[in-house]
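Worksheet: one structure, shown below.
Chain nomenclature is as follows: A, B and C, assigned in order of appearance, with residue numbering initiated at 1 for each chain independently.
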């Protein structure tokens, strides 16, 4: 019991602090401070570098809706005079974070279930039925072979297939793009973000944007950086590509919305920044299966209920909206003393510097958020300063002329009795 | 060689520990312990705060499928008597993480390619052909102007456009919502999650849920918190909005599934928590382009193969399912001594406290996962305790009456010969 | 002023280093080193373990497109002879990161708005009109009840509903799957990734892949690990399931693309690794609402403009493409002395080891990226080594026979005058 109290007393009422050798040496002193400064510079550098690179796409909850507008007219021998509006060229009608705009197409009208010759090709051209194996359906064939070899046109014979007839002939893609006017179509992107941790939410249609402005504005990095309406042509150009090129074979464009919010400042400073990028990077040198296209069909039924369809191989641009929710936190001003203390030690307050004192200041508001960086910074920062001492010790104790003298001062050698060595000398 | 051995010997067989001044002072001792306790409280506070906020959306692989159910009936002069079921109001038929339910619409039937007057508007009303520029197609126009000015109705003349005729008139949106009965439709949300690191997977249809229960249950935070079937009306209300309001102009609702799994406990404790939130936050004060709508068309062909379509401007609610995979790790009980040691030092085991000893305990199972937090905690925790000493030193050496006495005890001053100063005095 | 200079001078030109007791004891010395080594092993272990587990799904910007190929033929009494191609079985025609392949279906042709008896079921079978409540529309009913009880067939009477008639009868699902041949369909997955931090981008169609190869190859973990074309059957098998089973009721398959890029090495070493996994884990023991299906309709209009539709309940497999962008960083070789120093201390350079020196080496290139791990490692690493000293102190000062002797050497006791205690003795 008493022992326990003694122990507790010792634990509570004793203060242990390491004994220090104070070496009054310009050389070493300066060296020490320099190393410490270097380390600090390094840490701060890190903090900054890292503060920039960090928590891109932090858990932000974002919702995106995209609305295309624009109408154009085509006049071809095949289709005749035709108007194309949103319901015609946006497929599917709605998606979660992206929108597809058809810019080019290979259309095959009035297909019906039946038998017809394949499109001539390496595997499909034939002399006799022997060349066609019944029932075979290769990955690239448009139907199931019947085994007969029939004439495709006067000169050429190809294997017959059971398929939607006539089969699609997509050997050449229209150049220029069929809906090249899509360059002038526009996208209205609505984006709402929400930071669960802060319960802070905002939309990219800023409070100062009026309905009138929204009706007329077009995004421009210089003049209208906050207008959420984008001209397709401009998007592609901003990404450094030519719209008419991409329109032919299609592609994927990324519309990046960066929310760079410093929650210390007013919410009105939390603004979206738009940037554009082609996501299906194609090195022209190595251009295997470029672009983006898919097939869909419109189904009709005629009088006697028989079904026929119009098959469309749609080339176009898919716009993926990518939202980065970046929350900046105030970088920690790492302060390496002299920290000032006022002490009322009897007489008038006097000012004392103290060495090796190291602390961080965070602004309160963002503090809740800075838990992890703070811990990392303080922990590693303090530990790193230790390196300074280690380095200087190395210099002082191993590299200076007076090293033996210094060692004698720093170290107290204690022999281990148990090893029956001589008594230790102490200073 | 021998030198090398000496060095290695020294390295291996020497133990260096700092020399300590033990100050038996109630004041300072208590101060020291207090500061240490504060720091610990702080760290633990952090750990907990941070443990809550951390690794929301940790790399969880999740798959979501949504299935809507419900049927309703409308009876309007335009459409007559009509039944609406899933295939009618879910567009598109399937999406990856979201589902769109049409609640309101502006329908334009029997559109054909042709020429017709524009809907009257600021830019479209005209007196003479001079007011209409041929070939122009503004962002908001429904077709390409022919340049003629034709009568829209008896009183009014508007520019003629080549378009899908008749052009859509969406000037007023039906109030109340056309499919207001959608309030009673239901969503069955199936969600499977998988943590790659743990190869732990689970689905939100819990093992104790029977087919019978699933046929009848409706989610309710109180009574049926684990029923994965949600009434649309309830979802919107839970988010604090009125379904009939949102149904008119549409919107985006978020269905959040939080998996809060402590993998130390049985998998049966790993349960989904549902919460709802309107993602397209609209401040009523500033209500520019609210809601969510898009256009799609159903295409038909009549006898002579001519195509006509029904254009639908669909207003509705998109439900985005957002999955948070949160893995709780057992918070580290930071223990600040007295840590107890039993030492068999010849006589009976005795108990010794030791100061400044600081450690963490983690449960083994989750340990694999807690690498990073553990390192952060230990590293920063140990470093932070150093601050206590620094602070107390400041007090003791600069602010206490006996500071000079204490300094004399702590410091040993060593002059640098090279600076030709006097010999140092040592105590 | 002068005071200030003194203070500054003291701060700059003084070097303070702790005084050390050097205990020449094999036992303790070895113990100390061992503990330090253990800690280091532990840390390194962590670093490696953690390096593996970390930054899976680091903020990589990825775009995915999927293209299905394949055609098959069915011959049923209901539909007769029919060909199915991409436009028929991919619904919707395009999605952002996934593709749905219909493998099975329940088709209901020529539905029109009207009145018809419900499918017999627990709630729908009736004797008299009294059993049917007019206007009721349960979650699972296919229409709105009229309140009449009509004969479903000779023997059975069910409630009449206003609905798309005839109502769908999905009581039994076709076995084997209607489009079982889908096993041989193929998916071409195109994936582009981009690391914003490094501005490094790559696509999964590697530079050495030629158009000819792409036309013929099929992914195989052994023979063709980099061919981006996947046979559906193989995907499902690789995930350890049977395609024909999953084809009947549908399901969700995950195609995981792991980019394991060490940016220190040439970009050509940055390669995609494919793995497959069934995401809708179904424990056969507890098989509630398995599989994946949804309904969609094709709308037709007959002569007099009346609308009819073909309702399809589509069962099938949704393939979600999941991209993990993992960037490996060179693991830090933690080196614990002897670190070598050359010092020109007048005479020939001599070699000194130094204890307790601890550093990391990072390759420059990835350094920018390793900020956070580096800070964590150094900070915690240094701090952890402190633990060694603490432990050994405990042993030396509390558990060794000569503990009092060692304590006397390590500690210097100072009484607090203010507590009126005796003078302190010092050695």
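We adopt the following convention: a residue touches a chain if its C-beta (ideal position, glycine included) is under 8 Å from a C-beta of that chain, and two chains touch if they have at least 3 such contacts.
Please read all numbers here as calculations on a predicted model, not as lab measurements.
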{"item": "Copies subunit A and subunit C touch via same or different residues, half shared test", "value": "different"}
{"item": "Rotational angle, Cα trace of subunit A fitted to subunit B, multiple of 5°", "value": "120"}
{"item": "Chain centre separation (subunit A, subunit C; CA means) in Å", "value": "16"}
{"item": "Interface hub residues of subunit A, defined as touching at least two other chains", "value": "16, 18-26, 28, 92, 95-96, 300, 303, 352, 356, 376, 379-383, 401, 409, 411-412"}
{"item": "Subunit A-facing residues of subunit B, complex", "value": "16, 18-26, 28-33, 43, 46, 49-50, 53-54, 56-57, 91-92, 95-98, 100, 113, 137, 139-144, 162-164, 252, 254, 256, 277, 279-281, 283, 286, 288-289, 292-297, 299-301, 303, 305, 309, 311, 314, 318, 320, 322, 324, 337-338, 351-353, 355-356, 376-377, 379-384, 386-387, 389-390, 392-394, 396-401, 403, 409-419, 421, 426"}
{"item": "Residue numbers on subunit C that touch subunit A, as the complex places them", "value": "7-8, 10-28, 59, 61, 63, 65, 67, 69-73, 81-83, 85-88, 90, 92-96, 110, 186, 188, 190, 192, 194, 196-197, 201, 203, 205, 207, 209-211, 214-215, 298, 300, 302-303, 341, 343-346, 352, 354, 356-357, 368-369, 371-372, 374-376, 378-383, 401-402, 405-406, 409, 411-412, 427"}
